[in-house]
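Labels A, B and C are assigned to the chains in the order they are written; within every chain, residues are numbered from 1.
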Amino acid sequence: MTQSAAATSATRAVGGALERLPPPTSLLLVAGAAGLLVGSLRSEVFAQLTVQGLALGAVYGSLALALVLVYRATRVVNFAQGELAMATTYIAYQLIKWGLSYWEAFFATLAIAFVVGAALEVVLIRPVLHRSVIAAVIVTVGLFILIDGVVNWVWGGDFKFMPSPFGTKIYHVGGVSISRLYPGMFVVVIVSVLLVWALFRFTKLGLGMRAAALRPAESALVGVRVEWMLAIGWGLAAVLGAVAGLVAQPSQFVLQPTLMQPILVYAFAAAVLGGLESPAGAVVGGLAIGISLNLVVQYVPAITTELQTPLAFAVILVVLLLKPSGLFGHREVRRV
Amino acid sequence: MTALLELEDVEARYGPVHALHGISLAVEQGSVVAVLGPNGAGKTTTLRAISGTVRRSGSIQFAGRPLTRLGPDGVARLGIAHVPEGRGTFSELTVWENLRLGAYTRRGSVQSELERVFTYFPWLSERRRQQAGTLSGGEQQMLALARAFVHRPRLLLLDEPSLGLAPVLVAELFRIVRDLNETEGLTVLVVEQNAHLALQAADAGYVLEAGRVALSGTTADLKADDSVRRSYLGY
Amino acid sequence: MRARAPALASLAAVAALLCVLPFTLGDYNISLVAQVGVFFVAVLGLNILTGYTGQISIGHGAFMAIGGYTTAVMSRDHDTNLVVTMLMAFAICFVVGLLLGLPALRLSGAYLALATFALAVSVPLLPLQWSKFLGGRDGVEASRTVSNLWLYGAAWTASAILFVLAWLILRGRVGRAFRAVRDSEIAAVASGIELPVYKTLAFGISAAYAGVAGSLFVLATNGFAAPDEFGIALSLKILLGAAVAGLGSLWGVLLGAAFIGLLPTVSSSVPVIGSSHGQDVVFGAAVVLVMLLLPGGFAGLLAQLRRLKRA
């Protein structure tokens, strides 16, 4: 596809997506975006928090997207997605210790993550999925504990120092000083997300994966190797998680086994908010949560940083109770 | 000359329920074969047995190769296109994406295949960005057929194509099928409730009853048979 | 849990064993077996919910927290008799379970798992918010502690009572309704079963059991009810116990409770794995292996063995 055709396609896709949203949601998004813009123009702190929120939100959105991918492909909520991301980050740490440059380790880690994710699906999830989804979910819970234990065992629970590729440069935009970290995080994550999106939208493989997730029986009839598609889905999800893990703590250069645990909560909140079936919802949800949490902690005195996680949980519970299909989702018809 | 498709003593079951009790049939290369019979006779199950979407045992040979160890995707890759009952269209995807999926097993550019299909279904070309689920029932059936053609199969399995279609569309559908059979030598195995239509379009037929083959022969033979005339042709 | 003559024999055997054990074991081991009793109650409760009505819950630690804090607070503030506090925990958690069962009606499968997960993590954080009443990070201490023997007796007596209660509920109309709900909701409604009533009821009963287990749990940990004790790990443990137990067998629940009660201790004495992280590795690996290799849990395994014996 030529560049202009791709751009037109992309614009049409975004426009189409916006059209398909229920009116209150799109209104909410537009209002939110407008509010952020106004606030940023009026207050330097607000602008900085928004930028930081966007960066963190991108990380949450990436992990949320991983969760959505896995859910759409296999109907499983992967409780171990965050720990898997953390483990792949430790692998990158180790690769750097062994002498690779940051970006070499980065891409090597993504490749490793893909293989591990796909292998997990084939070896541990698929045999159990035949029986019930609940059993598979329990396996992911077991993996959560197992991976946490293994990482602690191999590397120890103390802080490790992980280099960041973004440096300490500060940009000055319209009188506001923004550390290079945040746009850096944002760009890395968004590029990865866009690449995955492009894979799904424009390639034959992506079409096969979408078909396999929607209608496995009919997909098999046209020759789609459904089982492989599921494995690839898990692999891609692991890659997205790895990206999230790698940029999750750029400013503190610090790596710890508990790295992804709060982020998993925010990712769950983002995925639920956007709708477990909606990839776009996951990303937008992540950005929304990232920005909101940042702003709320600053401007609402009652909410301290410790309360961020419980607040995210409250979001999960509220959304699940009021509109389980999320902001971007369609009502699941379950009469009875 | 061995037939393109040969079934020998094929049994199939849905869990504990036996649907086929030993079906034997053969489809010659380049012919159109109809499968008739009352509801529950096992017609759809026969097609499912061929495409591997149901548990089956017995011998199923396609161009000399056994199908019984393959799953649906393997069968598709060998060049068999199964248009199931209920069409099997992906309602959430666009018309174009549905067609593109039809050509999934083909390597390289599929543009020429799509052009070819558009000559048979010109209206599809205009609707390519439309979500398949928003098409009417008849249009979806045509889409399903078109998708099978993009596949360029050696054998086409059609399950109840006339179901829920207006007579005009049904006639059109069978005309296209016959056309492809005559011009490209497409072999077709079609399950049909509408015996008239089926026997008109086909060269030979099998009548199934309660999971077994009750009768078989050329369409001329079948049309002349008394029981067929009474039960299925209405005179 | 169906009524079968052989089952009575196994019941008697278990009861006899439990009566004899305290005389043969040292104090530490008594406390271990007592812990198994505590988990027995919790796993039994979760089994009623998941096994019989098919609603998944990763949140039973929350109910245990509520039960445990009930005991600790009532004992601290009013020096209430400990057994009475357990009854209160049962009642309070029953009501809370009913209340939570109502919104849970709208959720299923993965969504319910997520919601209960969120619950399991949020509820233990509440004491941090209301630290004056609920003790904050340091927790609430009951006014008295109990000996391991007392705990043993209380845990297994409660287990026995609650087991019989469960057996009575499950063999009757309610049990049949539960099973109908699990097997096919649509069919259940078609046959006139009022879904919301039974699903909510299951939640309530299950929560009540967890509440009692929570009371016992607090007493087992020196009478301390603290947020850290009731984290998500506890809920996961109970879930694992229920998965390992499988359905419909007393032995299954017993083995499931023993599995989660004794595994940490067993794994900590294994040389290479010794540390607490090693325990996590073993625990996590155990979960995965059990789900892969034991489809029906221990109950399934036992049923298979029984079939082999008959053949």
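Methods note: a contact is a pair of C-beta atoms (placed from the backbone, for glycine too) under 8 Å apart; a residue touches a chain by one contact, two chains touch by 3 or more.
Just so we're clear, the structure is a prediction, and the values are computed from it rather than from any experiment.
Novice: Taking all protein C-alpha atoms shown, work out their mean, then name the chain whose own C-alpha mean is nearest to it.
Specialist: A
Novice: Of all chains present, which has the mean Cα position farthest from that of subunit C?
Specialist: Centre of mass proxy via C-alpha means gives B as farthest from subunit C.
Novice: Measuring centre to centre with CA averages, how many angstrom lie between subunit A and subunit C?
Specialist: 34
Novice: Could you put a whole-Å number on the gap between the CA centroids of subunit A and subunit B?
Specialist: Roughly 43 Å, centre to centre.
Novice: Using CA atom averages as chain centres, what separation in Å is found between subunit B and subunit C?
Specialist: 54
Novice: Can you list the subunit B residues touching subunit A in their complex?
Specialist: The contact residues of subunit B facing subunit A are 51, 53, 71-73, 76-77, 81-82, 84, 88-90, 92-93, 97, 100-102, 104-105, 147, 151.
Novice: Would you mind writing out the residues of subunit A in touch with subunit C in their complex?
Specialist: Counting only subunit A, the residues touching subunit C are 71, 75-77, 79, 124, 127-128, 131, 133-139, 141-150, 152-153, 157, 265, 268, 272, 276, 306, 309-310, 313-314, 316-317, 320-321, 324, 334, 336.
Novice: Where on subunit A is subunit B touching in the complex?
Specialist: Those residues of subunit A that touch subunit B are 204, 207-208, 210-211, 214-215, 217-226.
Novice: Would you tell me which residues of subunit C are touching subunit A in their complex?
Specialist: Contacts found on subunit C: 50, 56, 58, 103, 106-111, 113-115, 117-119, 121-122, 125, 128, 185-186, 189, 195, 233, 236, 239-240, 243, 275, 277-288, 291-292, 295.
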